[in-house]
Amino acid sequence: MRVKFTVNGREQTADDVWEGESLLYVLRERMGLPGSKNACEQGECGSCTVRLDGVPVCSCLVAAGQVEGREVVTVEGLADFARQRAEHGGCGAGVCGGKGTTLDEAKGWAAKPTGTGDSQAGEQGTSPHTALSPIQQAFIDAGAVQCGFCTPGLLVAADELLERNNQPSDADIREALSGNLCRCTGYEKILDAVRLAAARGESETAGTGA
Amino acid sequence: MAGVTRTPTNLTQGSKTPAGIGASTLRPDGTLKVTGEFAYSSDMWHEDMLWGFTLRSTVAHAEIRSIDTSEALAQAGVYAVLTYDDLPTAVKNYGLEIQDTPVLANGRVRHHGEPVALVAADHPETARRAAAKIKIDYAELPVVTDEASATAEDAPLLHPGRKDHHAGHVPHPNIVHRQPIIRGNADEAAKRADVIVTGEYDFGMQDQAFLGPESGLAVPAEDGGVDLYVATQWLHSDLRQIAPVLGLPPEKVRMTLSGVGGAFGGREDLSMQIHGCLLALRTGKPVKIVYNRFESFFGHVHRHSAKLWYEHGATKDGKLTHLKCRIVLDGGAYASASPAVVGNASSLAVGPYVVDDVDIEAIALYTNNPPCGAMRGFGAVQACFAYEAQMDKLAKALDMDPVELRQRNAMEQGTLLPTGQVVDSPAPVAELLRRVKAMPLPPENQWETTEGADVRALPGGLSNTTHGEGVVRGIGYAVGIKNVGFSEGFDDYSTARVRMEVINGEPVATVHTAMAEVGQGGVTVHAQIARTELGVQQVTIQPADTQVGSAGSTSASRQTYVTGGAVKNSCEAVREQVLQKGRLKFGTYHPAWATAELLLEGGKVVTDGGEVLADIVDVLGEESVEVELEWRHRPTEAFDLETGQGNGHVQYSFAAHRAVVEVDTELGLVKVIELACAQDVGKALNPLSVVGQIQGGTTQGLGVAVMEEIVVDPKTAKVRNPSFTDYLIPTILDTPTIPVDVLELADEHAPYGLRGIGEAPTLSSTPAVLSAIRAATGLALTKTPVRPEHLTGT
Amino acid sequence: MDFLRPASWEEALAAKAEHPTAVPIAGGTDVMVEINFDHRRPEYLMDLNRIGDLREWETGADTVRLGASVPYTQIMENLRAELPGLALASHTVASPQIRNRGGVGGNLGTASPAGDAHPALLASGGEVEVESAARGVRMIPIDEFYLGVKRNAMEQDELIRAVHLPKATGPQQFSKVGTRNAMVIAVCAFGIALHPETKTVRTGIGSAAPTPVRAKEAEAFLAAALEEGGHWESGAPVAPSVAKQFAQLASGACNPIDDVRGSAKYRRHAVGIMARRTLGWVWESYRGDGRTAQGGAQCA
C-alpha cells in the first residue's frame, strides 16, 4: 500500500508498504530516517519515540497505515522543531535554548562548564550542522550520551517534557522518562542533562525578561 | 563503499582549550548521536539489499533428522536458503577460544534458539514467511541442565570426542575447564578459626541487554571478497573466525565497525557476521540482518549462572583464617569465554582480602542451557556476590561491624594473592570502604509530603502499592576486585596508527585504531591523548576497521589501558620524528634543540622550560609523519592447572558500594534509595566519562540484584522470558541517585597511571544491594535476583 | 494482509461485518507487538484512529461514557474526580508513550487477565457498549464481559465503542504489583470502590485468575460488616479483624498460576495485602474527606 504523511515538516510518500510494517520501519528503511531506534519493537524501551501529531509515542507500535495524513517529528527534526517552537511559541515552553547557565551554577553539578569552545562535527566536508536544540546540546554537555542508542528516544521525550513543564522536579523527570530504557549511563547524567536544559531555559527567560 | 548509506565517518574534534588528558572533554561523536545521524549497524542501508533471516531451533536438544527447504526456496522474493550443507569450506565451526560452535546446526542442536538455516529475501516479511516454510524434523534428546545431570555417568555428551586444549585435564567431558587454586593448607588453618561460616549461593543468568540489536550489512565485492559493516567488540577476533568459514583470505574480508549500541561482553562472540557474509556471497547482493529483541536473547551469550559454595573461617578478632570454595558456572551448549570466566572466578574467589590458606575450585559446565560467555566483570561478579554475602554472615557471627571486618582483612599493595602473585600497585580497599561509609546518608521517609505520600518515592512506585505501610530501610556494603586486561599469558596488545600533518595552516593529528567504540568513550580519550602528546587542538579519529592492526577487545576494562597505551606510544614516536625534523630544519638556530627536553604544546615545539623553539606548522611544512605501532602491557602467565599458582593478572580494579534500600516487607518489593560508590581509577583521563562508567556499571549490578534473570525451564532448557516484557532491566524510576567518589592512586606500570574502570562497579553493586535488603528484612537471601517470593516466603 | 481505514464508526461496523476476522488496531500496544514478533498475521488490520468520537468522553449526571480509544493519559489527567480508580489504574499502564495512545477498548478487546484497567472497571461497575452492523448496539455488563483467558463476550462482528461507568460516589483505589517501578506488566492487581449510595463495596482482581474477577465474598462480607457496625453513617474505623478477613477472602477469590512473572502463592498473598491496604486508604478517605470521591495518594 501507499502511505503518505508529513515527517519533520516535509510531506513524504512510501510505496509498496507491507500492511504489517510499523511507522518505525517506514521511517528507518523507506524514508532514510534511521534516527529513531529499533531496540525492542515491543514498546518497552522508548528508543523509537517520535511525536505523532505532537504526542510522544512508540513508533514501533504505530502501524504504518495509521499515520496516513498525519504529522510526525523524529529526532532528525528535533532541532528545527524546537527552533520553530521558540520563534512562534515564545519562551514559555522553556526550550528557548542558549547557553547562559551551566548546571554547575544551577544544580551544583561538578563536571566541565560548557562554552569552552569545543566544536564538533561529523566528517569533514559535510555541511555544517544546524544548531542543536537545547536538549540535544544539554545531553552532550552533561555526558548523557554513551552508546547513544537510547538517546534519540530520550531526546524526543525529554523535549516534550520541557515543553509542558519548564521547571520539572527530579520526580517529574523520572516519571516522564520512565518509558525510555538506557543500559549504559545509570540515568544520572540523563537527569543532569534535563536539569541543565531546564536551567538554561530558565536563565534565558530571566535574561530576556520574558 | 559505493551505495552504502550512512557509513561510519571520521570524527573530527577541535578544541580551543587544552582538552588533553584529565579534562572532561565531550564526545566527538556526540553531535552525530544527538541528531540521529550516527551510523549504527542496524542503520546501514544499500539499494538492492536483501534481508537475511535466521531460522533457529525451537527445542534445546535434538537430532535433526531432515531439513526440507524446497517450499521456502520456491517462494517469490526469496534469493537463497542456506543450511549446514551449503557451507563452502571444511571449516564449519567457530569460537573465541574453542572452535566448537557450528555456523549452522550440523545434524544436532544443543540449545534453544540455535541457528539452523538462513534465508535471504527482498523484504524481512518475505524472509520470515519463507523461513516458516522450512520443514525440520527434530528427534528430541534428553537435556542436561545442571552439574548433576551434566556429569552423570550416562550423561549425553555435548561435544563427544573433544580435542581442545582443556579436554585433557577436565574430570568429565561436559566440563569445559577446571581451575583449582590451592595455597597453604585450608584444613589446617581451619583449626585456628574461632568462627566458621558456610553458605550456598545462586547467581541467576544475566543478559547484557544492550539496546542496539545484533545487526550488520554484508556487501559482496568485485574481487570475490566481502565488505562487512557490523557492531562488535573486536574486529580482528571476528575476522579470524569469519574468513576461514568463508574460504577467503583475511584481506578479502574487510570489516568496518559500525555504530555499536552497547556491548557489555555480549558482542565478543559472533552473531550475524558469518551468516550475513554467506548470504551476500551466495546471492551476489548486499544483505542486511537485524535481530529483533526476541532473537537477540538467542543471538548472544549471557552471563554465566553460577552455584557457589563457600566456607570462611576467622579468629575472634576478625582475621580470616582460611577459605574453601567451589564455583560451578553454567557455560551452556558452547564454550565461548567459559575458560577465562573460570580463571577469573577462581583466581578472584577470595575477593580483595588477605587469606593465606585457600582451597578453591571453579569449573564451567557444558549443558543444554543457552551458551554463556562474556559479560562485564565475568567470573569476578559471581564470586563477589558470594564472598560479600559471606563477609556479612561472618560479621554477624563475630558480632562485628561488617565494614570493620572487611577493613581488617583488606588487601593492600604488597599483598600476596592466592595465586602467589604480588599486588604491585595501590590497592586501597580499606580506604574505599571508609570513603563510601563516610558519605552522608539520604534522608529518611522521602515519600512524605504535605499532600500525602508520593508513591514515586516508595517501593512499587506508580503502581501504588504502599503509602508507607510495611516499609523498612536497610543499609549494606560491599567491595570487590576485578582483573584488568586479558590474563593468563594471553598476548594482550593493541595497535595505533597516528599521523600528524598540517591542514589549513593548522597541525592536525589523525588516530586510526581498530578499537571498538561501544559507548565507553574510547574515541574521546584517544583525542585527548593525542592532544596531550602532540600539542595539537584538532584531532581526527578514523573509523575502526581491519585496515589497521588489531586493537584487542573492548572487554576486561582494558581499552583505555591497552589501546590508550598504544595511542600514547605511537604519539610519542610521531613526536620524536617531528622533533627530529625540527632539529634538522632549525637545530642550528637554537642550542636548546640539541640540549633540552622538547615537547609539543599549543601547536609549538617548546623546551621543558617553556621556551618556544618553532611552530609545528613550520617544522612539518608539506610533510606528514605517520607511524603504526603495536603496544603491549607486561606479560602474564598461565595458572598452574593443579595449584593455580602463577602471575596471571596484570592489574586490578577496586570499587566499593554502599546501598540504601527501602523494602516493602509485606509485598516483597524493593526500592533502592541510593547506591553510593567509591572507586580507585588510577588516573581519570576523562572524569565525566569515568563517572558515567561507574554509574552505568553500578546500575547493571542493581538490575541483577532485584530484577534481571533469564529464566530457563529446567525440564526443557527453553528460555521462558526472551523479551523486554519479561526480562526486566532498571528504568529511571528504579535507579537511585549514585554519588561517586573517585580516588586516583597511580599504577606506575600503566599509561598515565590509569586503571581500567568499566567492570569493578558492576561487581560490588549487587552484593551491596543484597546486603541492604538482608539488613532490612533479616532474611538470608542467597539468590539473585531477589524476588518478591523470596522476601515474602511465597 | 489488508489494511482497512474506515473513516467513520458506521464504515468500521460495515467493514467488520464484511471481514469478521479483521483485527481492530487503535493504540497498537498488543497488536503491533504480535505483528513485530511474528506471533500473528491477521488477514485484515482495521485502523480505528480515524474515528474521532472513539477518543471522546461525555460526563452525564450519573455516568461517564468513555470512548474506547480515549488515551490513558487523558483519563489520568481529566477524569480523576469522576473515575478515580480507573485514573489510578491508567497511571500504572506501561509508559507515558503507551498511555498516550492506548485506551480501555484495547484492554477489553484483548481481555488479558493482566490488563490494568480491568480491576478498576470491575470495582466501579458499568457496561461495555459494543455494536455490530447486523444487530446494532448491545450493552454488556462488565461482570459478564470476561469469559476466559483472552476471551470476552463479544461476537466476531462486533466492535467496542465505549464503556459506560458510574461517576464515583465514594473513594476508589487501585494497586498493582510488578517487579519494576515503572513499565511493568502486573504480577497481580487489585481495585476497590466504595459505593456509599448503595452501601456496597466492589472489587476487581487482575492477573490472579484466568480472567479478571471480583472478590464477591469479600465484598459481601465487608458490606455486611460496615452495615452492621453502622460505619457508613458513623465513619468509624474498620476493625483490623474485619480488614484481615476481607484480605483473606480477597486472596481466596484468586485462582492464579505460577509463571515467569510470579508464583501462584505470591499472587494470592499479594492480593490479600493490597486488599487490606487499599481498603484502609478508601475508608480513611471516606472518613476524612467528608465522604467524597477523592482517591488516596498524591501523584498516584
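In this document, chain identifiers A, B and C correspond to the written order of the chains, with residue numbering beginning at 1 in each.
Rule of thumb we're sticking to: a residue touches a chain if its C-beta (ideal position, glycine included) is under 8 Å from a C-beta of that chain, and two chains touch if they have at least 3 such contacts.
None of the values given here were measured: they were computed from a predicted structure.
A.B. asks: Could you name the chain whose Cα mean is nearest to the mean of all protein Cα atoms here?
C.D. replies: Here the chain at the core of the arrangement is B.
A.B. asks: If you count the contact pairs for each chain pair, which pair has the most?
C.D. replies: Greatest number of C-beta pairs in contact occurs for A-B.
A.B. asks: Based only on mean CA positions, could you tell me how far subunit B sits from subunit C in angstrom?
C.D. replies: Distance between chain centres: 43 Å.
A.B. asks: Taking each chain's centre as the mean of its CA atoms, how far is subunit A from subunit C in angstrom?
C.D. replies: From the centre of subunit A to the centre of subunit C is 33 Å.
A.B. asks: With centres defined as the mean C-alpha position, give me the subunit A-subunit B separation in Å.
C.D. replies: From the centre of subunit A to the centre of subunit B is 29 Å.
A.B. asks: At least two other chains touched by the same residue of subunit B: list those residues.
C.D. replies: Within subunit B, residues 292, 454, 456, 462, 723, 725, 731-733 contact more than one other chain.
A.B. asks: Provide the list of subunit C residues touching at least two other chains, using ranges where the numbers run on.
C.D. replies: Touching at least two other chains: 36-37, 181-183, 299.
A.B. asks: Spell out, as numbers or ranges, the residues of subunit A touching 2 or more other chains.
C.D. replies: Residues 18, 20, 41-42, 44, 171, 175, 178-180 of subunit A touch two or more partner chains.
A.B. asks: Given the complex with subunit B, which residues does subunit C contribute to the contact?
C.D. replies: Listed in rising order, the residues are 36-38, 88, 91-92, 173-185, 187, 260-263, 265-266, 268-270, 273-274, 277, 280-281, 296-300.
A.B. asks: Give every residue of subunit A touching subunit B within the complex, in rising order.
C.D. replies: Residue list for subunit A touching subunit B: 18, 20, 28-29, 32-42, 44-45, 47, 74-76, 78-79, 111-112, 116-124, 126, 129, 132, 136-137, 139-141, 143, 145-152, 155, 171, 173-175, 177-191.
A.B. asks: Residues of subunit C touching subunit A in their complex?
C.D. replies: Per the touch definition, subunit C meets subunit A at residues 1-3, 5, 25, 27-29, 31-33, 35-37, 41, 45, 47, 49, 94-98, 100-101, 181-183, 299.
A.B. asks: Spell out the residues on subunit B that touch subunit C in their complex, using ranges where they run on.
C.D. replies: 128, 292, 294, 449, 451-456, 459-467, 469-470, 666-669, 671, 706-707, 711, 720-721, 723, 725-726, 728, 730-734, 787-789, 792, 794
A.B. asks: Considering the complex alone, what residue numbers of subunit A touch subunit C?
C.D. replies: 1, 18-20, 22, 41-44, 46, 49, 52, 55-58, 60-63, 65-66, 68, 157, 171, 175-176, 178-180
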